[in-house]
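To start, I am sharing the structure in question, which I have written as structure tokens.
Chains here go by letter, A, B, C, D, E and F, matching the order in which they are written, and residues are numbered from 1 within each.
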Amino acid sequence: MKIVMAIIKPFKLEEVRDGLTAVGIHGLTVTEVKGYGRQKGHTEIYRGAEYAVSFLPKIKIEVAVSDELVDRVIETITAAARTGQIGDGKIFVSSIEKAVRIRTGETDADAL
Amino acid sequence: MVFRTSLRAGSIGLAVAALSTGAALAQVPATAAAAVPNKGDTAWMLVSTLLVLFMTLPGLALFYGGLTRSKNMLSVMSQITATAAVMCIVWVVYGYSLAFTGGGALTSFVGSFSKAFLAGVTNETTSDTFTKGVVIPEYVFICFQMTFAMITPALIVGGFVERMKFSALLLFVLLWATIVYFPMAHMVWFSEGYLFTLGALDFAGGTVVHINAGIAALVGALVIGKRIGYGRELMSPHSLTMTFIGTAVLWVGWFGFNAGSNLEATGGAALAMINTFTATAAAALGWLFIEWIVKGKPSLLGMLSGIVAGLVAVTPAAGLVGPMGAIVLGSIAGVVCFFFCTTVKNALGYDDSLDVFGVHGVGGIIGSIGTGIFVAPALGGIGVADYAMGAQVWKQFVAVVIAVAWSGIGSFVLFKIIDAVIGLRVTSDQEREGLDIAEHGERAYNI
Amino acid sequence: MVFRTSLRAGSIGLAVAALSTGAALAQVPATAAAAVPNKGDTAWMLVSTLLVLFMTLPGLALFYGGLTRSKNMLSVMSQITATAAVMCIVWVVYGYSLAFTGGGALTSFVGSFSKAFLAGVTNETTSDTFTKGVVIPEYVFICFQMTFAMITPALIVGGFVERMKFSALLLFVLLWATIVYFPMAHMVWFSEGYLFTLGALDFAGGTVVHINAGIAALVGALVIGKRIGYGRELMSPHSLTMTFIGTAVLWVGWFGFNAGSNLEATGGAALAMINTFTATAAAALGWLFIEWIVKGKPSLLGMLSGIVAGLVAVTPAAGLVGPMGAIVLGSIAGVVCFFFCTTVKNALGYDDSLDVFGVHGVGGIIGSIGTGIFVAPALGGIGVADYAMGAQVWKQFVAVVIAVAWSGIGSFVLFKIIDAVIGLRVTSDQEREGLDIAEHGERAYNI
Amino acid sequence: MVFRTSLRAGSIGLAVAALSTGAALAQVPATAAAAVPNKGDTAWMLVSTLLVLFMTLPGLALFYGGLTRSKNMLSVMSQITATAAVMCIVWVVYGYSLAFTGGGALTSFVGSFSKAFLAGVTNETTSDTFTKGVVIPEYVFICFQMTFAMITPALIVGGFVERMKFSALLLFVLLWATIVYFPMAHMVWFSEGYLFTLGALDFAGGTVVHINAGIAALVGALVIGKRIGYGRELMSPHSLTMTFIGTAVLWVGWFGFNAGSNLEATGGAALAMINTFTATAAAALGWLFIEWIVKGKPSLLGMLSGIVAGLVAVTPAAGLVGPMGAIVLGSIAGVVCFFFCTTVKNALGYDDSLDVFGVHGVGGIIGSIGTGIFVAPALGGIGVADYAMGAQVWKQFVAVVIAVAWSGIGSFVLFKIIDAVIGLRVTSDQEREGLDIAEHGERAYNI
Amino acid sequence: MKIVMAIIKPFKLEEVRDGLTAVGIHGLTVTEVKGYGRQKGHTEIYRGAEYAVSFLPKIKIEVAVSDELVDRVIETITAAARTGQIGDGKIFVSSIEKAVRIRTGETDADAL
Amino acid sequence: MKIVMAIIKPFKLEEVRDGLTAVGIHGLTVTEVKGYGRQKGHTEIYRGAEYAVSFLPKIKIEVAVSDELVDRVIETITAAARTGQIGDGKIFVSSIEKAVRIRTGETDADAL
């Protein structure tokens, strides 16, 4: 099994979720994060004190999938989250060794 | 009626009221013939008192608290609430007496303890207004002035938020009220006080409240020092929503401050009211547009700062200038305070964290001098007897200098003493953690 | 005393006040015999003025802002604050004059510039009330009416939040006030105005304020277009807590609006007050229960919307109907506005983002027509001279049509012109990012 | 003038007003010679009415809501808003009549339906004040008392937040008002009521409002049971910022409650005002310092709780004691309520979630008994005719016992009945999820 | 070493923490997340606009443990977080190659 | 490629970010988390109810880097985030198998 972690622009969340549902993904976990990267932030000025805000709001999606689904998932996310502008985000894939569904104790593929 | 004779009366066409500074005459219990308060005046003064309380709680606390980081929000609310409560008690115990009784040999500077614990005050005693024969219940005058005494030290808090010890603040407030505020109020508002007899104009407390507090805050910021990370770390306001609510409440409440200082529900109060509208709106727009031009964006915090600057500037002028003069005065305050808070302060590099000096000090000085100018009937003001612009501006200038000196020196000495005795500042670990947890064991938000 | 003669006086049993619409007579500086303002009236009008300011800042801004997404909260507060400040200045410069002076040949529709810059107004000049021989200081009348001029354009903002350019809004406000609001106020409230002479009833401004603003907002929403993602993306209110605070402040402040429009502290003001309680509570419960039945859950936003709908509906009726009539009127407004905001709007598919039309427009029309009905003594109203329900409802209807047409056409033309000249809408990137950062370079919250 | 004769008048040196409890006399429409309301009084009572509304919305809702977890914030706001709306309607339908008309054979305990639907009330009818020949418009008296009827049941909500069903609450409020509140108000404030004739002192509603609500909340907390996880899980206040705003609004609004209960804009109102300042500040400092000593840190929530405790305690005493007596009374309330809320409650283990009993019940009892003591002229009070401390304290004690018993038994029976019929409590899943989503389908915050 | 990531219902956090402490786990890191899965969300209605809220509040726990503890940790979390109802959450296990305690520079097992 | 996850004290974020920029890291993702560990929390008292708050605010940094940079990154973070007092935090390193830049579809080293 793999866990796919994607950092995307916040307003793309619904589209990505819909795309994943379409390829049969039943579950995922979302976190509000701040991203730092090539995309430039903005400047905030409060009574003459200027702050360069370089961290931008992003959404992190984590989805655990069986190995054979990984490529479909990557494609789906890429397609749904792309705007073509800097800051669209990244996808990182790593292995997981075990998965458990807490409710039932089912493991691995059954747990997803 | 001793005090009355000290009024330069007789100027019929020109408002007598304008001559006296602030609430000056009001301290005299009416004697003989027992003038009876008009219920309309009493109603208005009851309301005005509440409006000034409303400025402090929650107004000022939200205005200030919203500008701090969320880890210090609760400490700002605590400091302002405690300051208000302490001043309320001190005022009835001896503050009112020190400010509004004759002080014998020292009466140019301070009163006596003859009304300590409100000795002799009852339901029936009254205070004079600026109109001969018109009185209000003394209790309502005491309450109204109490709210001024509550808000003034609370204003100072903005100079050194996010780092001052709560205990040190309480001690400072107590001493500062005694050494600086009560004498200053006596000098300006009591008929035997030095500035009152000088003839400096101050309709609603520009010197006593704003210059006084602005200077104390500046001195505090300098003595206590900068916040850790000042100038390097992001210290953006944690909630401009709260600052907005606070500002709106300040504006609404300030009408009690300014129009209430008329002490009667008359056209004079209405004049103070319209000026408190126009000067404020002008200052808000002044700051808005100058910032838009200079920095490229029109900011909410700019408008809100402009609102406060305008309110401060119009305070001494409220019942004395015309609505168009108020617009000019307000615009100037908006623009000058903008440059002060954004350029001058950065250049000098001190950490007057919430710009108490930049807004209240500078705005108060502009208002005080401006009152001497725009009171001129030629400029739409209501005029004062024997008015000459140069002479009047000079008197205003003297009042400003005295306020700056009295508050500056008094505050400096007090800060130094308290620092030596119990320390002014929390530890750097506590400052990092935030005063909310470190000093009060609570957090403002648990969402 | 020219204007007085235009009053259909003589109906002793029936309230004369009811005859005239709104604050109509109050513009006349008292002459001869110099009536002196009663201090109780003055006190009440000073307070009422503050209450209406309080409605705008912070009331309306929080009510609206809480309903937007947090990335646009600050822009709502900015737009409303700036609107209020601009209107304050415009009002004293020429607005008051255009609304409350005779306009010569055009006087059915608009006044003149004779009181521009408040020429001739002093501490001593007064304005008439609805009672012969009773006056209030003119400055207080100007301030009271100023707050109406400040809140009305601010109401419009709700139709197109989260996408309109700040600069375009300021321009719109300035032009709309001049072309639409001042003439409308003149028509309804000045004794020579067309709707005043027609005899349409409007106690506190249902047409001038609510229908007027509701229509302008609808037109704005249509011209500017929907928000990106409207109907597809989650656009839930970022803080119903703020919306709640705003609503509560609106309710409290609205008593200044409604009971203040009586211009005197009398039983008539108290009647307007009790109606502003009962109609509002009834509308809140009306919306609550109908939503509970139809949607399955009783919602806070429903109650709050009901409160505003009730306040709007009772505005023209406040001093004219009885408390039981107000309950019926309020319930109707609550239920009808519910269906409008939830069903009709969805069916038609426009994005009047905060339901300014659905609540202020529709509620204003219900109130306006309803006033013609519930003023009937048989229904507990205080009656007007020569009352006949059919005739009165017809007059009310005419007033509604004129308000709708005047505001609709005027607003449409202005929006189109501004769109052509500087553009009404931010770019889609800015809209995505949120107006707070994009337009003001600040964020409402940094927690 | 039947009721007047029931006044033990004739005590010239001592205030007659003090003799009567609360707003007692005010229910009588003035007859003969038609006294005309003074506009200053009317203005003050209009304002006082708004101040009490302001206490409820948004004051109390924010004070309570801030102390709950954010998942229940919206439900608290909903419960308080709906309670206020229901009481507003019930009051004009039959509540005013039950409270403020003679009740024939039952008149010691309750009135009649003779003024149901406000029958016979007009713009012109008036209510007596405590001063012979001074009246106010009856509508303003009805509105003023309406706001008391709106806030009292809303106070009870704090005892069982985060778990009570919305529908059950509405039902409870309706029945409790009818069975407990209206009779209690009649007993204390109507001249034929049992406690009125007994001569127990209660200036602004310590028994009717605070003890009454405090006991009902305690009973509710006991019948409904503890929150899931109480004592084990973290239930820290989600926003002390909101609680702070609420407290500040309560303080400001409470002046309407206390000084408004004077019914006239006089020195007596000013006395009630100054006491509402000093007692409150003293209680805030009392709680602050005792907590600082006992728990090691001075907390904001402590000060805020002290403020409310002080306000509650001074309510029955406001116009009767002197400012120094008020300081002592307030300090006692601050310290005793602190021990009650922190120690006694924990020892007994019930979940009166927001300490309605610990603050309003206990504070109300302290205030009620204390009024009997500090009214003594020797202690700075204004005295009552034939005053003897022992006898007066006994009367106060009787009033407390009756209030406790009436409210305790009535509330218990109502809670049990409602529990049997529709159930008082949400399911545990709903409680876990939070009432906002579960009951109202909305969330307070979407940030 | 492994890192165990568990998505649980928010009100179960204290119980899970206590359970882990009991088996000798000294540290963990917690994140507020939103979960999408079989458990149905709710509908929110704001003035007639209905929103189906499909993301539910969850808590993510991340705990790094030595290999031999993994099973105990999984059992403990499963036991403490289970309510038996849909939405109880998941546990995912993956490998970590290195761990460092910033304060001391200690690495791997010593760093936990 | 590796993903380095560091839990640090919040006020150290700027220093760490600057340090990483200096060694040529162009992007990272930040999450607000709560940490439980040896560092003791504090007690909050609300009207007599005492709460021992054992979770402390921390910042989690996730940065994906190529294998050869890992040690530099660890050193940099350790140096910048250290105060020497309990609670400075941890660094965990694990492998990632794939990285994608959503905007361009570039993968692996090119995607970072």
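The rule is short, and it goes like this: contacts are C-beta pairs under 8 Å (C-beta built on N, C-alpha and C of every residue); 3 or more make two chains touch, one makes a residue touch a chain.
None of these values were measured; they are calculated from a predicted model.
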Checklist entry - When the contact pairs of A-B are compared by residue number, which of A-C, D-E or D-F has over half in common? => result D-F
Checklist outcome for this item: Averaging C-alpha coordinates per chain, one finds the centres of chain C and chain D separated by a number of Å equal to 34
Checklist entry - So how far apart, in whole Å, are chain A and chain F when each is placed at the average of its C-alpha atoms? => result 18
Item to check | Chain centre separation (chain B, chain F; CA means) in Å | outcome: 47
Checklist entry - In chain C, which residues are in touch with two or more of the other chains? => result 38-41, 43-44, 47, 234, 236-237, 245, 295, 297, 299, 301, 441-443, 445
Next on the checklist: Multi-chain contacts only, two chains or more: what residues does chain A have there?
Outcome noted: 31, 44-46, 94-95
Item to check | In contact (per the touch rule at the top): chain pairs | outcome: A-B, A-C, A-E, A-F, B-C, B-D, B-F, C-D, C-E, D-E, D-F, E-F
Item to check | Contact footprint of chain D on chain B as seen in their complex | outcome: 37-44, 46-47, 49-50, 53-54, 57-58, 61-62, 65, 73-74, 77-78, 81-82, 84-86, 88-89, 92, 117-118, 122-126, 137-140, 142-143, 146, 166, 242, 245, 439-447
Item to check | For the chain D and chain E complex, residues of the former touching the latter | outcome: 229, 232-234, 432, 437, 441-443
Checklist entry - Which positions of chain C touch chain E when the two form their complex? => result 67, 234-237, 295, 297, 299, 301-302, 305, 341-343, 345-346, 355
Checklist entry - In the complex of these two chains, what residues of chain E are touching chain D? => result 11, 14, 42-46
Item to check | chain B-touching residues of chain D, taken from the complex the two chains share | outcome: 15, 38-41, 43-44, 47, 51, 69-70, 236-241, 244-245, 247-249, 251-252, 255, 259, 264-271, 273-274, 277-278, 280-282, 284-285, 288, 295-301, 303-304, 307, 322-324, 327, 382, 445
